[in-house]
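In what follows, structures are represented as structure tokens.
First chain A sits with chain B, and in the next complex the same chain sits with chain C.
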Partner chain A sequence: MRLLAVLLGLWEVLGRVCLTGRWAILIPLPSRIGEELAAMLASGEVGVALAHSALRVLVGGGTGAALGLVVGLLVGRGGFGRVLGSPLALVRPIPPIAWIPLTLLWFGVGELQQWAILAGATFHVVTAGVRDALDRVPASLVESAKNLGSRGFGLELVRLRAAAPELGFTLREGLAMAWFVLVAAELVSATEGIGVLVLQGRDLLLPARTFVGMLTLSVAAGLSDALLRRVGFGVGVQR
Partner chain B sequence: MIRLTDVKRSFREAETGAEVTAVEGLNLEVARGEFVVLVGPSGSGKSTVLRLIAGHDPGPVQSGTVRVDGEPVVGISPRRVLVSQDPALFPWLNVEENIRFGLRALGRPVDVSAWVSALGLEGAERRKPHELSGGMRQRVALARALVIEPEILLLDEPFAALDALAREQLQEGLEAAWLKTRPTVVMVTHAVDEALKLADRVVVVTARPASVCDELRVEAPRPREVAELGLLRRRLSERLRSYRAGG
Partner chain C sequence: MILRGVRSWPRLSGLGIGLGLWAWVAWLWATPMALPGPSAVAVTLVEEAPLLLSGAWRSGLRVLSGWLVAAMIGVPLGLGMASSPTLDRELARLLVLLRPLPPFVWLPLVLLWFGVGEVGAVVISALGAFPVVLSHAREGVSATPLSWVQAAENLGATRWGVFWRVRLPAALPLTRSGLRRAWSVAWMSLVAAELVGTDGGLGQILMDARNLARPELGLAAMVTLGVVAAASGRLLEGRAG
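Entry: the complex of A and B
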């Protein structure tokens, strides 16, 4: 925190001294950003943008995570599910932005299209993580359970319980990914949202807005992650 | 009751792809209720023998037969429980729940208080595995295995990771528990004293590939003071040394 304050101070001072002409406008100083932030908070713009984006993350990211959990469990179990592994691996490296044209064609301009982008990104993170979590369950634990008489569904439950902390951690990673692609998702068609604030920085020649948008995004992502951690997701995972 | 006949078991080593023969030409018979201890140099395939009896790792390369009561061993069964150096307790369950696990899975009544006392775990029932010392964890692992009253108990150096005091306490706990229900026990250990303290019969196993090269009956009454077994101890140590040197 102290380092941050020092860096901001440096930015402010160097900015005042070195930035002239159009650069004085293009690179806003922390004080300017602070002003803009205060104004936007007062007017409720930040609140509205946050609400819209948070809802998108919840619906889109949530859907992707739920689907990812199911598919990840199917693939991670081995057997028939493993078949899904290869097609998923082919699709995974394609960045969310590349999906924008297709999603626009299929879903048109609107919330559904944005949910699709968010869901897609979250889905891949979660399937990979869930599969890893199941792979990492120590064989000795499963063997012990079997040795003591556990079979069938009971045995599957043992695997799940053993993987639970890692599964929770994966869901948090999914959430982080949803926030991460939010701006790209809102790029083309959103009218309200954090991404919109970020884009307005250029459109309105008010780069301070972009910084306010980034700050809001960072805080929102951090708080939602902290919330999940509080509730117990991924607690105890050493990474 | 347990009979291994001319057993050979090889593994393909993960890194080099080379075939490693862990066990070859191994013959072993264990009578019902007998406490047999396998001793031998490290890495001599003794663990593999236990795993074969337990039905873990059926594996691709195998010849010879492993039979229990005349029937070949196929797969894992609660009648043949293996306890290793790694207690493999379920981290989300406390001590009592861990011990009850097998009983629950098998649909049997879940009163475990007798076993909790037998292994000195009173007071710790609500604790989770990560709150326990190594010695305590092994007690729980043992209780968990004994409570389902398996016919065969297989112990793979269960006390190797413990300090001398914990080791002694657990040896005594194990013996007392064994005397109660008398399962057939096959245990692997490096510690000569441990073997002499607990075994009805000590079986010496050669270095990789493992096969039986010697046997020693221990007829002293229980509980034993190993110090009084001086002669036996010397004989056993000598034999182990000679086999280690390849003699």
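Entry: the complex of A and C
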């Protein structure tokens, strides 16, 4: 924390001394950012933006994660599942960001488009993660279960329970991806949300707002991940 | 990706199913604003090849520059951080704050400060690649098995000797994988930058496809992007791993 305080102090002091004219507006001082943060919190702007973004992550990311879980489990079973997985491999190298213009064309500007982008991004992360998680289940475990008489659905349950911590971790990765992509999606389509706050820094020539947006995002993503971890997702997975 | 599929029957049939599904959905949903079929996209790929290739080239150069900058700063810094506990402690706290931030949040500021040209694009892709490179390099050094370090010290190595001969080589695999991952993050960051404001490159072609209501160009650009990003990633893997 010392370093952070020192850096902020340096920023403030050097900024007051060196920044003039155009650059005084373009680079906000920490004090200015603090003011803006307080003002925006008071006026509720931060809260509204956060609510909009969080809802998007929940709906879009949640849908993508749920679908990803189902498909990932199907693919992970092997055999016919792998055939299903191959068309997905075609699409995966394309970064989710690249889908933004096309989805705008198809869905127009609106929540559906945002949800589509978030769902797509989360979906790919989760399917890959689920597949890896299932692959990581030790074969010896499955063999012993078979020896003890497990078949069919019971056997699947064994695999699932063994893979559960990794699955939880994958869902958290999906959440991180959702927050990651959210900003890009909001930057392009400029509806309400954290991305809009960030964008206003440039559009309204109030760069302090961008920093407020960044702080909000940092807190939101960090808190949601901590929440999931608290509830037990991915506990015990070393990465 | 496609070449590997030739060797395995399920993969090939999967790809075939994928393409078939695509063509079928395109045929069903037959309105002008809809999903162009594989054939339409293939035709566009050929017709617009000069545009797509020059866009890919421009984007690729930007990604390469940004990635190199990130590597040149991130690797030494990461290695240094892991070797100096004081530096590590202070910087690590700072990085925790910055980690969840996608590189895109810097876009408006970077565009404001550096404009819509090459500099801004390179800065963004560097900003995207940097945290990945840094954390992997740092972990690489931390992951050096203690026994190796102790063995070296027992044999009389100095601190510098331990670093140069034991920790550094041990850190290489993780550092390499970090560099590879950073490559794809750099691509993502750059495409986003080109979507939002930076001129030129594949991202702008993607946006133009939307503005001109030409979904087949958009899909062709996406295919190009996917292929270029994946191929360059493979190249990187081949060279460095």
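FYI, the second predicted complex is superposed on the first by the 235 of 239 C-alpha atoms of A that agree within 3 Å, B and C clash if a C-alpha of one lies under 4 Å from a C-alpha of the other, contacts with A are read in each partner's own complex, and residues count from 1 in each chain.
What we mean here is this: contacts are C-beta pairs under 8 Å (C-beta built on N, C-alpha and C of every residue); 3 or more make two chains touch, one makes a residue touch a chain.
Just so it is clear, the structure is predicted and the values come from calculations on it, not from any experiment.
In the superposed model, A:L104 makes contact with chain C only, not with chain B. Within the superposed three-chain model, A:L199 lies in touch with chain C and out of touch with chain B [touch as defined at top]. Once the two complexes are overlaid on the shared chain, A:A162 sits against chain B while remaining clear of chain C.
Between chain B and chain C, C contacts the larger number of chain A residues.
Residue contacts after overlaying the shared chain place A:L58 against neither chain B nor chain C.
Chain B makes touch with chain A in their complex at residues 54, 56, 76-78, 80-82, 84, 86, 88, 90-92, 101-102, 105-106, 144-145, 148. Here chain A touches chain B in the complex through residues 138, 140-141, 143-151, 154, 158, 161-162, 164, going by the rule given at the top. Against chain C, the residues of chain A that register as touching in their complex are 1-4, 7, 26-27, 82-91, 93-95, 97-102, 104-106, 176, 179-181, 183-184, 187-188, 198-203, 205, 207, 210, 213-214, 217-218, 221-222, 225. Residues 1, 5, 10-15, 17-19, 21, 33-35, 90-91, 93-94, 97-98, 100-102, 104-105, 107-109, 111-113, 184, 187-188, 191-192, 195-196, 203, 206-207, 209-210, 213, 215, 218-219, 221-223, 225-227, 229-230 of chain C are the ones that touch chain A when the two sit in their complex.
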